[in-house]
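Here come two complexes built around subunit A, the first alongside subunit B, the second alongside subunit C.
Moving on, here comes the complex of A and B:
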């Protein structure tokens, strides 16, 4: 069984963001990079599927500059078997259709029976790439899964809906699944597995070889949202802060009355 | 300008999010038609044409046939925009339609500016303005971003549609939300724990403040996913929607899904080390401090009042 996981490297969302010159994206200097949170669940589910079926081969694919290899190594240490870096220094500027097109071009005729992606990236967040990829490959897809079971090439998954309700969906492979937070508990790579991951294959393919889909949209600017309302900001010494807040709660609310 | 708005059925009910799509279309002064897989008994209220497919045959979740039905309507109406709510139904179906039409999709629109659409980036810390380059454009609208309109006395003209598209994904039914536990919707005071609490032992800091205030404690999604707090205390789109007199958000950055569940709170206090966290946009008071020091100090002082 061949499994593909699509992963994106994103900045730590707690970072202090700055705009890049030209204001079409955030400035990528001085950021801490990590695996897109949703993709950690995708990697974990792939590894669990491999553990269940016994023999499987998991490819982790990511698109971006050289720095993404660091994050790909984490996926290899979690249990993926091989990595494919699609080398692209301007991946940040590509729309979901172009990104899905690149992955589809790679994945076509490679006989994957199951493809996992995160339900969205934390930085762009379109939530489209997994579904577009499936449509391009002619595979069925189920989005936002929070439960996954596999039996004889058939998948029974639960989609997360609003208000804690889930939809139960059955689908035959090959299929694409986009993973929601809470699907599983992503493992931490162990030291022996981190060492083993260094020996795993990490292939680099120039994006020009796979880029065939024209973009359908473009970013015209990126900006910080205006601060609305102008809430009060309290800073300083802890005991004084507590006193200040209690005073405000007494004045503005009835909760301490 | 013409828009095709996509309404949703869930568990036999028409979802109210169609009213936000109607509000958006009115704001854009667009001509509208509406698409629904539903029944004649529960129709969205607007003046115009409703393309209605039978939910008994096509089910509430069946992306292949819903896409095929939508394609029929797009061919007839030739809309400039096909508009979904950015809901579990919308974000699943919209890209399928966009791909079939060969047009662009812009996800989670929060505003319109300069002929472009504004969407969040980086967990809502940034906004991105996006221009569509295609003949038509599929949009999903962030829930709550546009004002709903309600026309209680109008009913659409119904045009039935049908397809024999064979589905690949088979909807087996719903699993209800976990029942029982804590009803946060009735709590007057809620203190909620976010990822910023750092470790499960610190839930006790949060529950202690809630107790001192005579309220309940809640949590954001990451804390529930990590199983530090049970799901029946989750506040947000996939948990409970609350409206207490006081909401204290501790170490919660303020993802839109969380904000959607607590923004009706009367007074919001956020405790966060990151003053740029999106929660600061809706907080009445932002305390920039380490919650592990600040909350115990506050709890102590409140106890001794």
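Moving on, here comes the complex of A and C:
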């Protein structure tokens, strides 16, 4: 079984962000970089699937400049078998269609039976790459998954819908899954596995070889939202307040699923 | 010259930091108050992450990483809990390392491998009521008897004691020999007949790390558990402490870093005269001094660790690193309490614990005075 995991390196979300000159993206100087949190769940699910089926080969793919290799090594240390860096210094400027196009170009004819990725990135947050990729490959996609099981080439996954509703979806591979927080508990890369990751294959492909899809979106400006004062103030008597609070917790958070 | 960490060292820092913040930090306060060693968290989890044998080769159950990785691991653990930091440092530097350096192949397979894999916890017994800084004053005796030795005596202030399964212990094998020459090192296992534990110390800091007495009462040890050659014990102890100092220097560094971060965060939040106190130059100067001293300590610690990894003599470097980092930890934690003011003095905030924890780093594995002796005598040889 061949598994592909698509991962993005993002800044530590506790960083102080500044806009880059021209205000088309954030300034990438002096930031600490991490694996996109949603993608950690994708890596973990791929490794668990491999552990379940016994023999599988997991490729971790990421698009970006040389610094992404360090984050890719974390994925290798968590249990991915090989890495593919699509070298691209201006990946940040590409729209989701162009990014999905690059991945599809790589993944086509590679015989992947299962593709995992985060449901969105923590920086751009379009939430489109996974579904666009599935469409381009002609695979079914299941988004926002919170549970995953596999049996005889068939996947049974739980999706999260709005308002606390869940859905169970059965799908045959090959398929693309986009992972929601809480899908599993991503493992720590242990120290021996960090050392072993050094020896795993990490291939670099120039983006020009895979860039066949033209972008259809252009970001014209990014900006910080205007500061709004205070939070949400609920009004009414206590039972009404409690009802409102429960409703908000159910709809906006996973505290009361 | 390159001051950047490698990708592996960065990954190790990220991993240990995430583990420390997620799993170790939440109980640091309560374990301190209850003086409770939580082995499942403070040692078994470290073993699962491959931290208990960081620097040893894979053939002996280690991870084959370098001393800088080890320093980073102890630093990151100590940043949130100095007791967890010293548990690892005493286990690895003081127990596993002398077996790696001086043990024969059978001893490495039998004792080092389970320590490195974290199946067994290690401890080190050198200090006695009349021998600490003066290791030559060791009074515990090991008398040859048939195919083994019989140990008698008491060791005090032993980190990890009681919980540890494997102990490296020093005893006098030759009463006639000059002070330093008659001492030998032994590997002693818990549950050996005649080996028991005395009182548990009630300490000012690192309260969730157990410290106890070791009592040897006609304790018979097979000759196969002599570590190194008979009479070589003083050399074993000194070499072990050279490495141990890197561990304690890293612990001190982590404590200081944790205190600085707590002080910076507080200063940004705390308002006086309608202004966050971090905006006041008086506070900024204190924070600047703290950060500068910590960074200087870090460079000394990593430099000593680099030397240890590359076969370069590091006795003086580790003494300098330990002296600088431990005195920095004491100064920085005291300043952190000052920045937090009244809140800093309460147990609601972690800086008072860090201040109590910092003090021991100026004392154990060679007091600051001993570090100055090591550095001074090397300078004036």
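Operating definition for what follows: the second predicted complex is superposed on the first by the 228 of 257 C-alpha atoms of A that agree within 3 Å, B and C clash if a C-alpha of one lies under 4 Å from a C-alpha of the other, contacts with A are read in each partner's own complex, and residues count from 1 in each chain.
Heads up, the rule we're going with is that contacts are C-beta pairs under 8 Å (C-beta built on N, C-alpha and C of every residue); 3 or more make two chains touch, one makes a residue touch a chain.
Everything quoted here is computed from the prediction, not taken from an experiment.
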Partner chain(s) touched by A:255 [first = subunit B, second = subunit C, both, neither]: first
Which of subunit B and subunit C A:194 touches, first, second, both or neither: second
Touching partner for A:204 - first (subunit B), second (subunit C), both, neither: neither
Larger contact residue set on subunit A - subunit B or subunit C: B
Partner chain in contact with A:28 - subunit B first, subunit C second, else both or neither: neither
Partner chain in contact with A:74 - subunit B first, subunit C second, else both or neither: second
Residues of subunit B defined as touching subunit A within the complex: 10-11, 61, 64, 87-88, 91-92, 94-96, 98-100, 103-108, 114, 116, 119-134, 168-178, 188-189, 213-215, 221-222, 224-225, 231, 234, 237-239, 245-246, 253, 266-269, 274-276, 278, 280-289, 293-294, 297-298, 300-302, 305
Of subunit C, residues touching subunit A in the complex: 7-8, 10-12, 14-15, 18-19, 48-51, 54, 58, 63-65, 69, 73
Residue numbers on subunit A that touch subunit B, as the complex places them: 11, 13-14, 16-17, 19, 26, 95-97, 122-128, 131-132, 135-136, 140-144, 156, 158-172, 181-182, 215-225, 227-229, 231-235, 238-239, 241-243, 245-246, 248-249, 252-256
Contacting residues of subunit A [partner subunit C, same complex]: 34, 69-70, 73-74, 77, 188-195, 197-198
